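What follows is a set of structures for review.
Across the two complexes that follow, chain A remains constant while its partner is chain B and subsequently chain C.
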Partner chain A sequence: MARKAIGRSVPRVDAYDKVTGRAKYTDDLADRNALIAKILHSTIANGLVTKIDTGRAEKLPGVVKILTCFDVPDIEFPTAGHPWSTDPAHRDPTDRKLLNRRVRLYGDDIAAVVAEDEVAASRALRAIEVQYEEYPAATDPEEAMRDGVPLLHEGFPNNILERHSVLDGDFDEATKEEGLIRVEGTYQTPTVQHCHIELPTSYAYMEGGRVVVVSSTQIPHIVRRIVGQALGIPWGMVRIIKPYIGGGFGNKQDALYEPLNAWLSVQLGGRLVKLELSREEAFYGTRVRHAVKVHITSYVRPDGRIVARDAKFVSNQGAYGSHGHSIVSKCVTAFRQLYNDERAKRAEAVTVYTNTATSGAMRGYGTPQSVFGMECHADDIAARLGIDPMEFRRMNMMPVGYTDPFSKNVNWSDSFNQCIEKGREYIGWDRKRELYRNQSGPVRRGVGMSLLWYNTAVWPISMEVSSCRMVLNQDGSVQIQLGETEIGQGADTVFAQMTADTLGVPFESVHVVSTQDTDITPFGTGAYGSRQTYVGGMAIKRTAESLKGKILRFASERADTGPDALDIDDGFIVRKGEPGSALFALSELATDVLYSMEHSMHFTAEETVQAKSNAYSFGAGFAEVEVDIPLAKVRLVDIVNVHDCGRLINPQLAAAQVHGGMSMGIGYGLYEKMLYDPGTGKLLNDNLLDYKLSTIMDHPHLEALFVENPEPTSAFGTKALGEPPTVPCAPAIRNAVFHATGVAANENPLTPHVLFPLFKAAGLIG
Partner chain B sequence: MRQFATIRCTINGKVTETAVDVRASLADMLRGEYRLTGVKKGCEVGECGACNVIIDGECYNSCIYLAIWADGKNIRTVEGLEGPNGELSEIQRLFVEEGAVQCGFCTPGFVLTATAILESAKSGQKYTRDELRRELSGHLCRCTGYENILKAVEKAVSRASA
Partner chain C sequence: MFDFEAVYEAKSVAHAVELRGLHPEAKILAGGSDILIETRAGKLAGCSVISIFKLDELRGVSMDGDGTLRIGALTSFSCLARDPLIGRCISVLGEAAGTAGGPQLRNIGTVGGNVCNGVTSADTASTLMAWDAVMEYTGAGGVRRAPIREHYVKAGVVSIAPDEILTSILIPQDSYERCFGCYIKYAMRGAMDIATLGCSVNVRLSEDLGTVERMRAAYGVAGPVPMRGLGAESTANGQPVSCETVNSAAAAALSDVNPRSSWRASKELRLQLVEELTRRAFRESVIRAGGKL
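Showing the complex of A and B:
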C-alpha cells in the first residue's frame, strides 16, 4: 500500500523555488517599463481639502498625470475582505472614496501622481500645493466619542460606528448571591501592524477592454468585487491575479490600493501603472490591529467558581470602516464562550472612529485583544482568592460537550485539559509556581499561562464556500486549483497532501497551481479566518472523489468489473481492498483515454462545497520570564504553545506556523506598539527601526506542542491553526511577570515605560 | 538631471558592465538591470535585510549600497548559489529540510547570510548559538519566529566544524 501523504512532514511544494529566489512575487513580475504611481498623503489628521494646486507639479519632467480627490468618482466603497452579503444589513462599512477630500487621518490619500519613474513621481508629490480646513484630531476612542468632537463620517453620531450588547441569564439576580467576591480590572491592548516583509504592491493594466490587477493579496476573488464596486464597473470587467505573496497576516485581507491602482490605469487608457507602497505608507496607510480596551467585572465564589461576569469593550476603529465592528464582536464571542459563568454574563461593545490608521483584520481577529483581557483578569481573580491560576481555569473554562447555540460549534473533546497538561509538564509549572513564590532580589522569575479560544472559518457570520478544480494529465498526475491562497502558511502543500491521499496518487503527482487568477481559478474567498484547510479541504475531498469516480467508471470497462470493485492506490488502478493488486497504471489509462480513437475523454472535476459548520480550536500557552526590576525589563526565558488543531496534515509545517504566531504574540506582549502624537495625530514610529519587530535575538527557543483530536465536522479532521498561535503569548507573559513581581500590568506591550511606574507604585523601586 | 555611470563588476561569477543612474541603489541595479529578482526589497532603508547580497565576501543590504560603489566588486546573489544543474547548496537544502521557509520573501537574504556564516565556519570560525543569533539578527522575518532558520544554520555550521 502506498505511503500516505497526510501526517507526513513532506517538504513544501514551493520550497525549492523560494530558496533559489525563483519564486516570483508581484514586483518581480512587473514590467520594468511600468509607469510609477505614488500617493499624496495629507499632512493633517482631520479636516477638509479645500484646494489642490497641481500646476507646478504637472510641469515637471516625467510626470504623466496627476489626479486628486476632486477627480475621483463619487462612489464610496467597502474594503473589508468579507464575502459579499446579499443582505444589506450585513454589509461592511462603505465609507471611503478612491481619494478623499474629507481627510480623516494624518496620511490620508488625497491625490495620486503617475510618472515615468519613481524620482519624477516623488518630485511631483513635493510640488503639489494643498490647502486644508483643519479640525481638531481625536486619536483616542473615548475622546472621539465626546459630544462636540467633529464627526469623521456623516451619520455616525459621537463617531460611533456600531455598538451592541448581549445578556445571558439574569445578571442582576445572579450578582445578589451572598458571599460573592467582586473583582474588576481594565485591560488595554495596543495598535500593532502586520509587518509582512513584502510591502503591499500591485500593478494594473487593461487588456481587451477589461482591467487587470496583479496584486499581493490574500483574497483575489473578493478584491475583484471591490474593484468593480469602487470603479462602478461590472465585476466581470475586472480580473485579479495573485502570485506568491510575502506574507499577509490579515492586512492583505482587505482591498488596499488595488481599486486606486485599477482606476489610475483606466484613466490612462489602460497603460501599465505600478503602485508600490513604502514601509512608512504600509504602517499608516494600510490596516492595523484594533486597539481594544476592556473593563471586566467578575462575581466569584470564594472557592473560585465564577457566577457572573460583565465586560465593556471599546474598540479603536481608526479612520475608515474596514472590518469595523466585526472585530470587537469576536471579542465578545470569545468572552461569552471561553469561561462558563454559572449564572449570567453581560457584555457591551462599541467601535469608534478616530483619526488614526484604519483598523482591519489581523491574525486572531479580536481574540488577541479579548483573550489578553480575560486571561489577565483570570490571574487577577486567582491571586485575589489565593488559588492556583491553573486550577481557577480548570474550574471555569468551557466544559466538554458545550454547544454554542448560534454557531452550533461543539466542544467535542477535552482539549483544554490535554493542552494544559502538556504545557504544565513542559514549563515545570507546579515546581516553578512554588519555587518563585517568595523572591526578594532585584532579578526575579515567574511562570504564567493563558488559554486560547478560537474557531475555524466564518460560518454562520458569513457565507462559507470553496471550489476546487482537478485536471488529470496524461501521465496520471493532476493539477489542482482553488480560490484558497498560499500566503506563506503552507496551504498549497497541505492541499497537495489531501489530494494525493483522496485520489490515490503519489504526493509528487499533485501539481498545485499556486497563482490565483479570477478569470481561471474557481471561486473561493481566500486566506482568512483560519478557514482554508477546513473549507478548502471539504472542496478538495469532494472534487477528488468526483474525479476518482470518473476514472474508475472508465477503468471498470477495461478491468471488466464494476467501478465499485476498483480503487486507485499509489497511481495504480487496483481491486478495492487490495492495495497491492495493480491492474494497470493510472498514467496508462489517462493516456489511452485522452487519445482514444473511439471516445476520447479528458478527466477533470470541479466541485463547490458550502460549509455550514464551524469548529472550535483550542489551546494553551505558558511562559517563563526573568524580570530585572531596577531596569523594569522583562526577559523571556522559555515559552510554549500547545494546540489542538485536530489532525495534523503536515507536522513540520504546523509547528512552523505555531512558531511564527508565537513570535508575533511575543512582540504583542513585550515590544510592539504604534505611537501617535496626540496633538497632530501623526504616527511617530512608522518604520522598522522605531517599531520594534522581534529579531532573532529577542526570542528564546519557541516550543510548539500538539494534541490531536480529529474534528468530526472536518473533511480531514483539521481545524484552525493559522491564527490561534498568536493569541496566548502576551497574557502568558503578563501573568508570568505578575507571578515574578506581584505587579499586575494591565496594558501590553510590557515595556519599561509601562512597568517602571507600576514597580515604583508597588514599592519595588525606591 | 539624470547622470549615468558605467559599472563593471562580477555578478555570480560573470563579468558584467552596464550604465546605471548614479542615484540608483545596488538593489535597483540588480533587480532592474540584471533581473535578479531574488534580491527583495522590504523597507529600502536597511532595516529588514531582504535585499542582502554578498560583496567581496561580506554581507550588505543592497538597498543602501549605491550601485556605483559596486564598480570592481565581486557580488553574489541568491541566484548564484545553486549548482550548474539547479542543485541546491547545502544551506538551501537545509532550509528546505528544516522547514525554514514560509512566505519566502526574507529567505534569499537569510540564505546568503547563512552562506557567509557557513563559509567562515568551514575556514575554522567557531560559533555559539548566541553568536549565530547575532550574525543573523540583521534579517527580519514575520512568518517563522526564526526557529527553523536557526535550526538550519546550526546544523550546517555543526557539520562544517565536525
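Showing the complex of A and C:
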C-alpha cells in the first residue's frame, strides 16, 4: 500500500519557489509602468475637512490626478471580511466612504494622489493644503462614552457601536451562598498590530469594462463583494486576483484599500494604478487588535470551586466599524465556556468608537484579550486561596461532554487535562513551583501557565461554505482549486496532502493552483477563523470522492468489473481492499479516456460543502521567566504551547504554525503596544523601531507539543490551529512573573514601564 | 526611490571639503542609515547630499607614532566590533558598536555618523565620551582637533564648521593604557533598538589592584547629549576597590544626570537605570581590570 501523505511532514508545495525568490507577490506582478497612488492623511484626529486646495500640487511635474473626499461617491460601505449576510440585522457596520470628509482618526484618508512615480506622488501630498474644523479627540473608550463627547458616527449615542449582555443561571441567588470568597480584578490588554512582512499592496486596472484588482488579501471572494458595494457597481463587474501573500494575521481579512484602488483606476479610465502602503500607514490606517479592558468578579468557595462569575468588557473599536462588536462577543463566549461556574455567570460587553486606528480581526479574534483577563484572574484567585493554580484550573475548567447550547460544539475529549499533563512535564511544573517559592535576590525565576480556549470556523455566527474543483491530467496528476487561501501558513500543502490520500494518488501528483482569481476560482470565503483545514477539508473530501467515482466508472469498463469493486491507490487502479493489486495506471486510463475516439472525457469534479458544525480547539501554555528586579526586566527562559488541534496533517507545518503564534504571543506578553498622544490622538510609535515587535534575540527555544484527538465532525479529524497558538503565551508569562516576584501585573505587555512602578510599590525596588 | 534634489559624490577628503564650500545646504551622507530614513519620512525630502561614502581612506583603525589610536570616521560598526586594535586597546568600544541595531545597520552605519548626528542615544558615543576621545576634523584651513565634549553642542547639533568634515576619532594613549571598561545598553528588546539608557564605565586600578586610580563614566539618554558622570568619578577616584566604592559612585551618578520623561520612558525609570547600570558597569570594569569585589 502506498505511503499516505496525511500525517507526514512532506515539504511545502511552495517551498522551493519561496526560498529561491521565484514565488510572485503582488508587487512582483505589477507592471513597472504602473501609476503610483498615495493617500493624504489627516493631521487631526477628530473633525471635518472644510476645504482642500490641490492647486499647487496639481502643477507639480509627474502628477496625474488628485481626488479628494469631496469627489468620492456618497456610499458608505462595510469593510469586515465576513461572509455577506442576507439578513440585514447581521451585517457589519457601513460607516466609511472611500475618502472621508468627516475625520475620525489622526491619519484618516482624505485625498489621494496618482502620479507617475513615488517621488512625484509624495511631493504632491506635501503640497496639498487642507483646512479643518477640529473637535476634541477621545482615544480612550471610557472617555469617548461620556455625555457631550463629539459623536464619531451619527446614530451611535455615546459613541457606543453596540452592547449586549448575557446571564446564565440566577446570579444574585448564587452569590448569596454563605462562605463565598469574592475576588475582583481589572485586566487591560493593549492595541497591537499584525506587522505582517508584506505591507498591504494592490494594483487595479480595467479590462473589458470591468475592474480588476490584484491584491495581497486573505479573502478574494469577499473583497470582490466589498469593492462592488463601495463603488456601487454590480459584483460581477469586479475581479479580484490574489497571488502569494507575505502574511495577513487577520489584517487582510478586511477590505483595506482595494476599493479605493479600484475607484482610482476607474477615475483614470482604467489605467493601471498601484497602491502600496508604508509601514507607518499600515499601523494607523489599516486594522489593529481591539484593546479590551475586563473587570471580573468571582465568587469562589474556599476549596477553589467557582460558584459564579461576572465580567464587564469594554472594547476599543477605534474610528470605524470593521469587525466591530464581533470581537468582544467572542471575548464573552470564551468567558462563558472556558470555566464551568457551578451556578451562574453574567457578562456585559460594550464596543466603543474612539479617535484611534480601526480595530478589526487579528489572530485569535478577541480570545487573546479574554483569556488574558480570565487566566490572570485564575492565578489571582489561586493565590488568594493558597492553592496550586493548575489544580484550580482542573477543578473549574470545561468538563468533557460539555455541549454548548448555541453552537452545539461538544467537548469530546479530555484535551485540557492531556495538554496540561504534557506541559506540566515539559516545564517541570511541580518542582519549579516549589523551588521558586521563597526567593529573595534581585534576580528571580517563576513558572506560570494559561489555558487556551478556541473554536474552529465561524458557524453558527456566519454561514460556512467551501467549494473545490479538481481536474485530472493525462498523466494521472490533478490540479486542485479552492476559494481557501494560502497566506503563508502552509494551507496549499495540507490541501494537497488531503487530496492525495482521498483520491489515491501520490502527493507529488497533486498540483495546487495557489492563486485565487474570482473569475476562475470556486467560491470560498478565505483564510480566517482557523477554518480552512476544517471547512476546506470537507470540500476537498467530497470533491476528491466525486472525481474518484467518475474515474472508477470508466475504469470498471476497462477492468470488466463493477466500479464498487475498484479503488485507486498510489496512482494505480486496484481491486478494492487489495492495495497492491495494480490493474493499470491511472495515467494510462486518463490518457486513453481523454483521447478516446468513442467517448472522450475530461475528468473534473466540483463540489460545494456547507459546514453546519464547529469544533473546540483547546490547549495550554506554560512559561518560565527570569525577572531582573532592579532593571524591571523579564527574560523569557522557556515557553511551551500544547495543543489539541485534532489530527495533524503535517506535523512540521503544525509546529511552525505554533512557533509563529507563540512569537506573536510573546510580543503581546512582553513588548508590543501602540501608544497614542492623548492630546492630539496621533499614534506615537508607527514604525518598527518604536513599536517593539520582539526579535529572535527575545525568544528562547519555542516548544510546540500536541495531543491528537481526532475531531469527529471534521473530514480529516482536524480542528483550528491557525489562531490558537497566540492565545496562552501572554497570561502564562504574566503568571510566571507573578510567581517569581509576587507582583500581579494586570496589563500587558509586561514592559519595564509597567513593572518598574509595580516593583517600587511592592517595595522590591528601594 | 528617494527624494534627493542632488547627490554630490566626494572623490577625496579635499574634494569633500570643496563640496562643502560649494553646497553649504547639503547634508553629509556617510552610511546613510539616518539620512535615508529621514528622507523617506519626508523630514529631509528634497534635500541635497554630499556623499563621503566612497572615501575608503576614512575607513579602518590604526595606531599613530605617538601611540594614539586612530579610528577612521567611516569605520562601520561591524568593523569596529571585530577590529584587533580596538580589541586590544578599547574593547568596550567594539562591544558598544556591536549593540547598535542589527547586522545590516552595523554593516552600513559608521562611527563618524553615529557621533555627527548628535543624538544622545548613540551607542558608541557614551564610550567615546568616557574615554576622552578627540575629534579630528578636516576643513579648508587644514586639520583641527577638539575633545569630544566640545563636539556636542545640544541635541542634534554638533560643532562642525561649514567647510569641515569629521575625518578621525582619536583615543590618546593615556586614555586607554591599563584601562578596562564595560558598556551596558538598556533597551526594550534584545536587538534592533535604541538605548533607553546607555552607560559606559572604565577603570584603571593601582598596580596592586587595591585602589581605583581612575574611574570614568558616561551616559547616553541621561540628558540631551551624551554626558560624563563627573560626580560618580570623583566619588570613586582614589578609593579602595570595594562594593562600597561601587555603590557610592552609583548613587553619586544620580546627581550627574538629567534625564527627562517622554513616552519612551519615564524620568524615574531612567534614574533607576542610571544608578543600577553604573553599579553593574563599574563592577564589571573592576573585574575585567583584575580587581576583586
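We adopt the following convention: the second predicted complex is superposed on the first by the 766 of 766 C-alpha atoms of A that agree within 3 Å, B and C clash if a C-alpha of one lies under 4 Å from a C-alpha of the other, contacts with A are read in each partner's own complex, and residues count from 1 in each chain.
What we mean here is this: a residue touches a chain if its C-beta (ideal position, glycine included) is under 8 Å from a C-beta of that chain, and two chains touch if they have at least 3 such contacts.
Because the structure is a prediction, the values reported are computed rather than measured.
> With the two complexes superposed on chain A, say which partner A:F335 touches: chain B (first), chain C (second), both, or neither.
It touches nothing on chain B or chain C.
> Quick check for you: in the superposed arrangement, does A:A15 touch first (chain B), second (chain C), both or neither?
The first partner, chain B, only.
> Per the contact definition in the header, classify A:S663: touching chain B only (first), chain C only (second), both, or neither.
The answer is first: A:S663 touches chain B but not chain C.
> Touch check for A:Y187: first (chain B), second (chain C), both, or neither?
So A:Y187 meets neither chain B nor chain C here.
> So, does A:L702 touch the first partner chain B, the second partner chain C, both, or neither?
After superposition on chain A, A:L702 lies in contact with chain B alone.
> Is A:T751 contacted by the first partner chain B, the second partner chain C, both or neither?
Second partner only.
> Mind telling me which of the two, chain B or chain C, contacts the most residues of chain A?
Residues of chain A touched, chain B against chain C: more for B.
> Answer with first, second, both or neither: which of chain B and chain C does A:Y671 touch in the superposed model?
second
> Applying the document's definition of touch, where does A:Y284 land relative to chain B and chain C: first, second, both, or neither?
Touch status of A:Y284: no partner.
> Just to be sure I read the superposition right, which of the two partners does A:V119 touch: chain B = first, chain C = second, or both, or neither?
A:V119 sits against chain B and chain C alike.
> Mind sorting out which residues of chain A both chain B and chain C touch, each in its own complex?
Touching chain B and chain C on chain A: residues 119, 688-689, 695-697.
> Touching chain B in the complex: which residues of chain A?
Against chain B, the touching part of chain A is residues 9, 11-12, 14-25, 27-28, 32, 119, 194-199, 244-247, 249, 278-279, 487-490, 652-653, 655-656, 659-664, 687-689, 693, 695-697, 699, 701-702.
> Where on chain A is chain C touching in the complex?
My answer: residues 117-119, 122-123, 126, 630-632, 671, 675, 677, 684-685, 688-690, 692, 694-698, 751-753, 756-757, 765.
> What part of chain C is in contact with chain A in the complex they form?
1-3, 42, 45-46, 102, 186, 188-194, 196, 263-266, 268-269, 272-273, 276
> Can you list the residues on chain B that touch chain A in the complex?
23, 31-32, 36-45, 47-48, 50, 77-79, 81-82, 86, 88, 92, 95-97, 99, 101-108, 111, 133-134, 136-137, 139-150
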